[in-house]
Every structure is written in structure tokens, then in C-alpha cells.
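Same chain, two partners: subunit A is paired with subunit B first, then with subunit C.
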Partner chain A sequence: MAGLVLQLINGVLLGGLYALTALGLTAQFGVMRIVNFAYGTLFMVGGYAGWVIQSTLHTPYVLTVVIAMAIMFVIGTGLEFVAFRPLRASEERTILLGLGIMSLGPALIILTFGSANQLLPSGVTGLFESGPIVVAYERIATVALAAVLILAVAAFVKFTPAGRAVRAVADDPVRAGLLGISPKPVYNITFGVTTALSGGAACLLATSWQVTPTIDSAALLISFVVVIVGGIGSIAGTLVAGVLIGVLTTLGQVYVSQALAPAAPFAALILILLLRPQGLFGRKTRAA
Partner chain B sequence: MGTSDISRRAMLSGTAAGSLALLLSACTRDSGGSTGASTGSGNPLLAISNGALSFAVCLPVSGAFTTVTVPWAQAVKYAADERNEAGGLKIKGKSYKVTAPMIDEGYAAAPALASAQKFFSQGGHYIGGLVSEEAPTALLGVNEQADALISTCIVGNPSLSKNNLRLFGDSLTQATGSMRAHFAYDELKLRKIATIELKNSWGASYQETFAAAFKELGGEIVARDYMDVTDTDFTARISGWKAFSPDGIYIIIGNSPGITIANQAAQLGFDSQPFLLEGAWDPNVYKTTGAAFIDRSYYVSQYPYCHTTSAAVKLAQKLHDDKNLFVTNWFWQGYDSTRMVLDAMELANSTDPRDVISALPEAVEKGASKWLIKAPGAVATKEKGVYLKTPVWMAKFRPLDTDFINESPLVAVDNAKYANVQGWLPAQWKGYSQDLADVQPLTDAELKKLVG
Partner chain C sequence: MSTVQATRRTSGIVPHLAEAGALMVVGLAAYFILTSAYDRLILSNALVNVLLALGLALTLRTGRISLAQATLAGVGAYVSAWLSVNTTMSLFMTVVLGTLAAGVIGLLIGMLGLRLAGFYFVIATLAFSQVFTVVVGAWQNVTGGLNGIVGVLRFNSVPGFDFSFSGGYSGYVLLLLIVVVLAYVVTALMTGRNKVGRRLIAVGDNDLIATSVGVHPALWRTVAFAVGSLIAGLAGSIQASYLGVAAPSTYNLNASVLVLAMVFLGGKRSLPGVVIGAVALTYIPEWARFGPQSQLLISGAFFVVIAFLLPNGLIPTAGRIIRRVRNKKAQERAAVTGVTNG
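Coming up: the complex of A and B.
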């Protein structure tokens, strides 16, 4: 029983990190309606940004994450302006653009930094131990930071005027435009913020997963699964789906089969697509 | 935030399209040629094309293992360059240039097979490398159909099936389990070990031979876990070990994934247990875990990775100048095995791989003094290829402030029992399922030829 409790805790903590990883992707789709295959690459770049900052400036961990997110915000807004915005009219072209960035990203990272793993230590050490239950304080701290970021985004969207503008554009960009809310800056800021979130997630995960030139595909895959299971564009859905996928993967590894466990998220994805295609928290809509 | 059904459809179809593109990309990488299997013709210039012999290196060209594979490819290139500087490959009174093109293994069966078949169809007959267990398994038989000799070092049980056009250039996974178990039990005084292995036959071979020997000594494997090279989070697996209180951890994967496991183990309180390690380890990678990891890690390796020689320093310097990388254990296998095959070609006076494989044991023995890995000879089996007699040493990583060019990355442990141990399949291995009774162990006279 204690073992099950331990693995449930592991699953929930892992799921919290999955949720943060996927949050930017769901927000990009929810607001901008783009399928961004470059998301994993930007996540990876965020992790490397954190590592470069910490290893060169020797900044404290939290400051490192904040600076990395700021850099990724700039990169995100710039990328939206020069690349995604001109192609917005065509969903296929934005997909191809994302795939192109996804293909180039790891090669450029290897050329620049090599393929060695890079660790981003948080400085948090020690363990919570109670019988067989053992959880690293570092994991608790990073999930707590992830929760803060998720709540901050939710609060921003729900309670601030800027958040209302984002929701208006997400709901109907034409109507929002008629009300005086220009979608273009909203798209730009949204892409910047979500890219910053992906960078923040990468820095949090780099304390344990480390940053590697192959981390992008892992982040992209898990993000897509979480977003679709949770319901495209839903922050609450992303949170619930992240935890669900984290728990499923963890329990699958320990109690079912380590060979089959990596398939657990995709099994959940298939089930959701069959039983509730709009996702756990998605809205069922009809095509016009 | 709102969505529309059209957009959701776009999202889902985009996901499907992207996945399909990735799948197609993986399946078609380097797959430009037909199978192109040529037949063994006895033509002495079988492998020569446009006045040059290609000794391809089939290794992953991207991903987590390039700090290992790039040095390895360079090692083959250096061996080829040396031969060219010495006047080229001399066959039947003529000299030929040796080239070392790199083809992508992709760390998987399908891309390795596609790359190899393309190479064969273009007249290639020599391949070194193959860092994954899946790649040589995929090439089983195909290489013989195409008269292609493969020099490899990754050996799980499937790789030991019938196939005579292969040179096993490194210690075998099945050969060192007993040595490692004795070291763990007798020297480190370990009694309960948790293992985590790469989920393939290479990992299984290491784990099972070690576990059998360790249990025979009285030790216990308290947990056996599995991993994939793309795994990133091992928390569930490692935290589960806590209930068993292992006093040692055996990580059967090298470099980046191995470092991630070691790091997460330390985060979960396994911060004093010794690590036994497999795979290849590069100082660029293991420095990220710091001194605590290095101080308690043990690794079985070949001579030049744990002993400094002037020839090794020269090559390490060259690699660092060319690629800003350090040598790894497998660098030496690539370098020496290529030189051995080229020597065997000249000895056989032929580039036909079937002639060359026959000449290999004699060529290795004749050149024993020049091999950096100190192989005194090789064993030709009846139908399972040639096995290099590669001695190995139990060693520890040197500190991070080491000059990894002028010093070897490892230092051998100070115990003669774990030095100069035969690293190939011992014929006396009881219970080993492969029928390799024709493999003979190293004789005392041969051992004396080695550096003590």
C-alpha cells in the first residue's frame, strides 16, 4: 500500500511538470489556433538558455528561470512576428514552418553546445522520507514553482484586462476586432508568453531530466498528448490531463510493464479520442 | 479559451500529419538504394571502387550519443588516413586509397539497415561502428549476402548467431560479468544491488551474466529495472528501490541516459552507493554529475582508456584539435579494428571480405605490438566470425580537473585480479547458451605478451 502511495505521489508530481510543459501549447492553440510543431524545440532552447545563464553568470536558480523566461519571451514574440504571422492565413504552412524548426533545432543545438547532457541544479537538496515513501525536495520545489506559474497564467487570463482581451480574441478574433481589440498584438504577446512558459518548464525539468538535444521530441510528444486529452485550449484540462498522464505512466512502469509503460499516454489518447474526442475539458462544437 | 471544430480538426490532422512525417522520415532516412547485394566473386578487388576502398562507419550522426559516435568515426578516419599517408592499401602490387564515409545508423534497426543496404549497393563492403544492439541484429545475414565485413563492438546474444563476416572488436557483454561480480562482492563488499538496463538484448546480456555470477557469490539482485534511451524520468523506478536498501547500483547504459539515471538516483538519496557502469562514457558528459559521481563509479575498459601511452596521447590531441571532443572507450576499438582489417587485406592480398576474415587472426597476431588495445590475437570461430582477444581492466574515472588529453580518462584499480582480464567470450562459461565451444581462452603465454 505504501508503495502505491509513493508511486501516486511520484505520478502526481510528474504530472504537474507535464501540465506546465503542455500549458504553452494549449494556450497557443486556444488563442491563436496554430499547431506549433516548433514547441518542443523552443522548450529545448529555453532549457539551454537557463543552462547558459547559470553556468556563465552563476545566478541563483529562480533568477535563472526568470531570465530564461524573459529571453524566451523575446524569442517567442520575434518568431511570431517574422515567421508565424506572415503564414497565419494557412494552417498547412504554419505546420510546415513548425516542422522545419523542429527538424533544424537539435542539429543547431548540437553544433552550438555539443550533445552532452547539461544539468541545471536548483540548489535544493534533501529528501522527504516517511517509511518507504521518499520524495526529493527538489522535485517538490520544482512542482511548486510549476504550480505557481500555472496559477499565474490562469489568474492572468481570468482576472486581468489583458487576460479578458486574450479570451475575447480566442473566442472570436473578428468580433474582438470590432470591439477595438486588435488580434495581432494579442497573438504576438500570447506567443511570447507561451514560449516563455515552455522555457520555464524546461528549466524546471532540467534539474532532473537535464537538458539534451533530444529533449525536444519528448516535450513535444507529451505536450500534444496532454493537450488533446485535456481538451484543446483548456488550462484546467491541461492540468488534469497532465496529472492523469503522469500517474498512468508511473503506475504503468511500476505495476504493469516497463516495456508497455511508455505507451500508456498514447493509450489514454486513443481512449479519449474514441470516447470523448473534444477531450476531458474541451467544448463540443459543430462545424459551420 | 475557445476553439472551433475546424480548428480542432486541424490540430488533430496536423498531429497526425506531423507524426506521419516523422515516421516517414525515420523509415526513409538514407534509403536511396536498392538492396544491391553483390555476390562473392573471389575478385581480389571486390571492394575497390574508383581506386579507393570505402571503410564506412555506421553510427548515429545525431542525438544523445554523438559525443561517443563522432570520436568513433574519427578513429576510423584516422586509421584510414594513416594508411593513406603510408602509401595506401597495397593489394596485388597496386596501392589504393582508403576512405571512411559516415553513414547513419540512427540508433535503430530500420535506419541502420537502410543505410547499410545503400552502402552495399554502391559497392561498399566494410562497415565499422554500430553503437546500438538493434543495428547489428538488423544486419544479420544481409551483410553476408552482400559480402560485407562488419566490425562491431556491441554484442548481445542475438549478435552471436551464425554470421562469419564479422569482427567483434571489443570485450563482449557476456564475458565480464564474473569479473564485475567478484569486484562488487569481494572488493566493494556489496551484497544487494539494484540494476537498471537498456531494454534490449545488450542490456539483458550484461545484467544476466552479472546477476548469475553475483548470486553465485552470495549476493542478491534486489531490483531489476529497464529503460529506453529516450526516457527522461526514472523517479518511479529509482524510488521503488528504497524499500530494498541496495548497497550498490548497476547502470547498464552509458553517457547521457546513464548520467540522468545517476543524477536522479543521487537526488533520491542514493548518494553513497557505488555505481557499476556500462556503455561508453565521455568526460564531457560525466563532468555534469560532479565529483560525487566520479568517486564512486567503476567501469570495465580497454587498455588505452585507462593507461596513458604516447600514441594514445597523440590521437587524443588530434581528436580534440579536430572536433573539440575527448576519446571514449570505443574510440580505440574503432581505431585498432580498422587497422587490423586493413592489415588483413594486405596479408590476404585481397579485398574480398571472405579472404580478409580468414586472414584476420594472423594479421592481428603479427601486429600485436602496435595495437593500442593490447590484443595479442584473435579467434576465428567456425561460423560466428572473428573475436578479438581484448583484455580489460576494472577502472575508476579520473577527477574532473584531469587533463583528459595527456591523461587517460580512467585509472585502473590497484588490484592485479582485475587487470588484464580476458574480455572475450570464455569457452569455459558454464550454462552459456550459445554454442561457441570452438572459442579458446587466452593462454598463459599470450597473457605474458600483454602489458602487465
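Coming up: the complex of A and C.
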């Protein structure tokens, strides 16, 4: 029983990081209405940015995450302007562009940095112990950071004038334009912020995943699954689905099979597609 | 203008027969020009890729993108390989069952993902590719893990039949014949020469209009994807029996992405386009082996180029340029004659 409780805690902690990982993708879906197959690649680049910064500048961990996110914001806005904006009108061409970046990314990373696993330590050490429950402080700290970022995004969208503009564009870009909110800069900033979020998530997950050229596909798939299970564009849905997938993966690893555990999120995806395609928190109109 | 199009439509069957015939002749000629066993092996792989690309083109015609085409070939390859190693079935039976297995899986994926908006299906096929890789890696006592299933029944097991690249070529001719026939069938569907084809086109062009004339989009998309999956399963089963092995790296997500690049490179709605795209993207990664990353770099670069410059593919774009030049010349000629007359 204590073992199960411990695994549940581990699953929730992992799921918090999954939720942050998928948050950017759900915002891109919800606000920009694009399917971004380059998302995992940008996540990976964020992880490498963090690793390069920390190993060359020896910055403290939190500062590393902040700088990596700033870099990813610049990369995101630039990429939106150069590549995604011209192709916006066609979903097919956007998908092809994303697949191109998805294929190029790991190859270029391996050619630049090699295929070795790189460490991005947080510097937080020690274990929280309470009877049979043992959790590394590092995991608690990274999830706390993720929670801060998720709450910041939720508060920004809900309470600020800029957040209201984002919601207006997400709701109906044409009507928002008529009301004086130009969708283009909103898309640009949204892509930048969401890319920064994925970079931050990569730095936080790097404490348990490490930084490798294969984290891109793992991040992309988990994000897609979390977004669909949670319901497109819903922050609450992303949180719940992230935790759900985290718990499923952790329990699968312990109680089913280490090798088969990566398939656990897809079991959830298939169930959702069968029973509730609009997602747990989604609105029905989006699914059809 | 309308008369030109009308004549083109009524005489549409002839060029496609000619295309299929040309494919047969070129395929045979290539085999006898290339004499080394290695070249002939790559040529056979190119034909398998043509089959995969044809199957995928059907799904693309209905307006959906799949990232599971090579993976479905993997289903066919693994099922037929497992049957041929673990049972006493004949080669014919293993290929048939491998093909059907891929068709059934494709049908299930289609029923699950094709009733929803487009991106759900892309993601569902992406997820299926990943699950396949995970399961093949984990289920070692059945799939052989990273080594794959070795010792698959080969074409020589059938009396009078051979597919050895150095000696007999009846297996190659059979594969080529299958490619030509299926190329003809798929083109007939994609150009709307029959009822089923016209329904696929209606669904691909506009969901709403298709529904309004009684054509059910999800149903016909599922039909197209299931047929494409059958073709993929057949291609995979044949490949396993001439390679003698079903290995996981042949059928992973990167391979599926490469098949998608093949169809888009040549032109997803043109038979010569699909064939040229498949052959080109079989050979280019073979020639340009500058490292283990070469295949990813090549398909990635092609995708970026296609997305920005060639959304219709090489062949239709080339055709449009030629027509434009011709029209310009005709106009110039008309202008010149107009001046002399006036």
C-alpha cells in the first residue's frame, strides 16, 4: 500500500512536468489553430540551450532556466515570422513544415553536440523522508517551478488586458480584428511564449530525463496525448491530463513492464478518442 | 477551354494505360541494366516504396495525412515473417495473412481516427507508429527485439520461383506486375474514373458538399485508408520474403515520414509523380550516406522545400511551368500574326 502511495506521488510529480510540457502546445492549438509537429524539436533545443548555458556560464539553475526560456522566446517569435506565418493558410503545409523541422532537429543536434546524454543538474539535493515515503527534494522543487509557470500563464490569460486580447483572437480572429486587436502580433507573441514554455519544461524535465537527442519525440507525443486527453485549449484540462498520464506511466513502469510503459499514454489516447474525442475539458464544437 | 477538358476526360483511360505500360517497361529494363545483386536489391526496395507511396496517396486524396504507412508495412512483414518461421504455411498463405493483418489494423485505426477533424488522424497514426516500435522492442520472444525475425521463408521455397538478385528473376517480375496493376487501380481511383474514385475525390475536396450529396466522409476515408493499409501490408510481406528478415528499423516512424515525403515530392495526385518521388527518395539516401543522420537530414530538407516551394509536388509544378511557357509562346505568335494582319 505504501508502495502504491509512493508511486502515486511520483506519478503526480512527473505529471506536473508533463502538464507544463504540453501547455505550450495546447495554447498553439487553441489560439493559433495550428498543428505544430516542430514542438518536440523546440523542446529539445530548449533543453540543449539550458545545458550549454549552465556548462559554459555556470549559472545557478533557476537563472539557467530563465535564460533558456528567453532564448527560446526569441527563437519562437523568429520561427513564427519566417516560417509558420507564410504557411498559416494551409494546415497541410504547416504540418509538412513541422515534419521537416522534426526530422532535421535531432540530426542537426547530433552533428553539433554528439549523441551523449547531457546532465542539467538543479543543485537541489537531499531526500524528503516520511516513513516509507521517500522523494528527492529536486523533484519537488522542479514541480514547484512548473506550477509557478503554469499559474503565471493562467493568471496572464485570465486577468491581464493582453491575456484578454489572446482570448479574443482564440475565440474568433476576424471579429477580434474588427475590434482593433490584430491577430498577427498575437500569434507571434503566442508562438514565442509557448516555445519559451516548452524550453522551460525541457530544462525542468532534464533533471530526470537528462538532455538527449531523443527527448524531442517523447516530448512531442506526450504533449499531443495530454492536449487531446485534456481538451484542446484548456489549461485545467492540460493539468488534469498531464497528471493522469504521469500517474499512468509511473504505475505502468512499476506494475506492468518497464519496456511497455512508454505505450501507456497511448492507451489513454485511444480510450479518449473512442469515448470522448473532445477531451475531458473540451468543448464539443471543436471535435467535429 | 471546356471542350479541351471534356476531351481529356473521355480519353482519360488511354494515358493511364500508357503510364502503366511505361512503368512495366522501365521496371524490366532497369533490372537488366543493373547487374549487381546490391543494385537489384535497392531496385526492389524502390518498388516496395512505390507500393507504399501509392497506398498513402489514396489517403492523401481524401484529405488526410498518415504517419503510419511504413509501420503498416511492418505489420505485414512481421505477421508474415512470424507465420513463415513458426508454422508450416506456404509463402502464399503467409503473404496473404500478412496483408490482411495490416488491412485489419488499418481499418481499426481508420474507424478510430477518421471520424474526427484532420489533425486527430495524423496524431493517431503517429501514436500507432510509436506503439508499434515500443511493442516490437518489448515483445522480444515473438518479434526478436532489435534483431527482428530472421530466417523468413523466401521466394525460392515455391517451386519454379526465384527472387535472388543474382540468378532467377521471376519474383522480381511478379513484384513489378503487382506494382503496375496496383498503380493502374490507384490512379483510376484518384482520377475519379469510377464511382468509388469520384466519392474519394468529393470527400477530399469538400466534406460539406460530399455529405450534401450523400457521400459519407468518414466512411470513404476509412475505405481509402484500409485499402492503402492492405497495399502496405502486401508490400511489407513481399519485402520480408525477399530480404529474409523483418527488422524493426525498416518500419519505424522515420521510415513512415520518408514515405510521406516521397508522395509529396513527386506530386500526390499524379502517378508519375508518386513513382518518381518513391524511386528518388529510395536512391538519394542510398547515394548520400554521409553518416547515420543522412536519411533524417534528407527527408527533413525535402519537407521544408515542399512546404515552401512545391506544395503540389515536382511533376505537376513542372507541368504547369511547361504549359505557361507554351501559352506565352502561343500568345506571342498570336500577337505577331495580329500585327501583320492588321
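By our rule, the second predicted complex is superposed on the first by the 280 of 288 C-alpha atoms of A that agree within 3 Å, B and C clash if a C-alpha of one lies under 4 Å from a C-alpha of the other, contacts with A are read in each partner's own complex, and residues count from 1 in each chain.
The criterion applied here is as follows: contacts are C-beta pairs under 8 Å (C-beta built on N, C-alpha and C of every residue); 3 or more make two chains touch, one makes a residue touch a chain.
None of the values given here were measured: they were computed from a predicted structure.
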item	value
Fit or clash - subunit C, subunit B, common subunit A	clash
Winner by number of subunit A residues touched, once subunit B and subunit C are compared	B
First (subunit B), second (subunit C), both or neither touched by A:208	first
Partner chain in contact with A:56 - subunit B first, subunit C second, else both or neither	neither
Which superposed partner A:95 touches (first subunit B, second subunit C, both, neither)	both
Touching partner for A:172 - first (subunit B), second (subunit C), both, neither	first
Partner chain in contact with A:266 - subunit B first, subunit C second, else both or neither	second
Contacts of A:35 with subunit B and subunit C, given as first, second, both or neither	both
First, second, both or neither for A:111, with subunit B first and subunit C second	second
Subunit B versus subunit C as contact partner of A:274, first or second or both or neither	second
Residues of subunit A at both interfaces, subunit B in one complex, subunit C in the other	35, 91, 95, 99, 106-107, 110, 217, 224, 228, 259, 262, 273, 286-288
Residue numbers on subunit A that touch subunit B, as the complex places them	3, 6-7, 10-11, 13-14, 27, 29-31, 33, 35, 37, 91, 95, 98-99, 106-107, 110, 114-119, 127, 129, 132, 134-136, 138-139, 157, 166-167, 170-172, 205, 208-210, 212-215, 217-218, 224, 228, 232-235, 249-250, 253-254, 258-259, 262, 273, 278, 282-283, 285-288
Sites on subunit B touched by subunit A in the complex	1-12, 14-15, 17-18, 21, 62-67, 199, 225-228, 230-233, 235-237, 239-240, 242-243, 256, 259-260, 263-264, 267-269, 282, 284-285, 288-289, 324-325
Residues of subunit C defined as touching subunit A within the complex	65, 67, 112-113, 115-120, 122-124, 126-128, 130-131, 134-135, 137-138, 253-254, 257, 260, 264, 291-293, 296-297, 299-304, 306-308, 311
Subunit A to subunit C touching residues, read off their complex	35, 86-87, 90-97, 99-108, 110-111, 217, 221, 224-225, 228, 257, 259-260, 262-263, 266, 269-270, 273-274, 277, 286-288
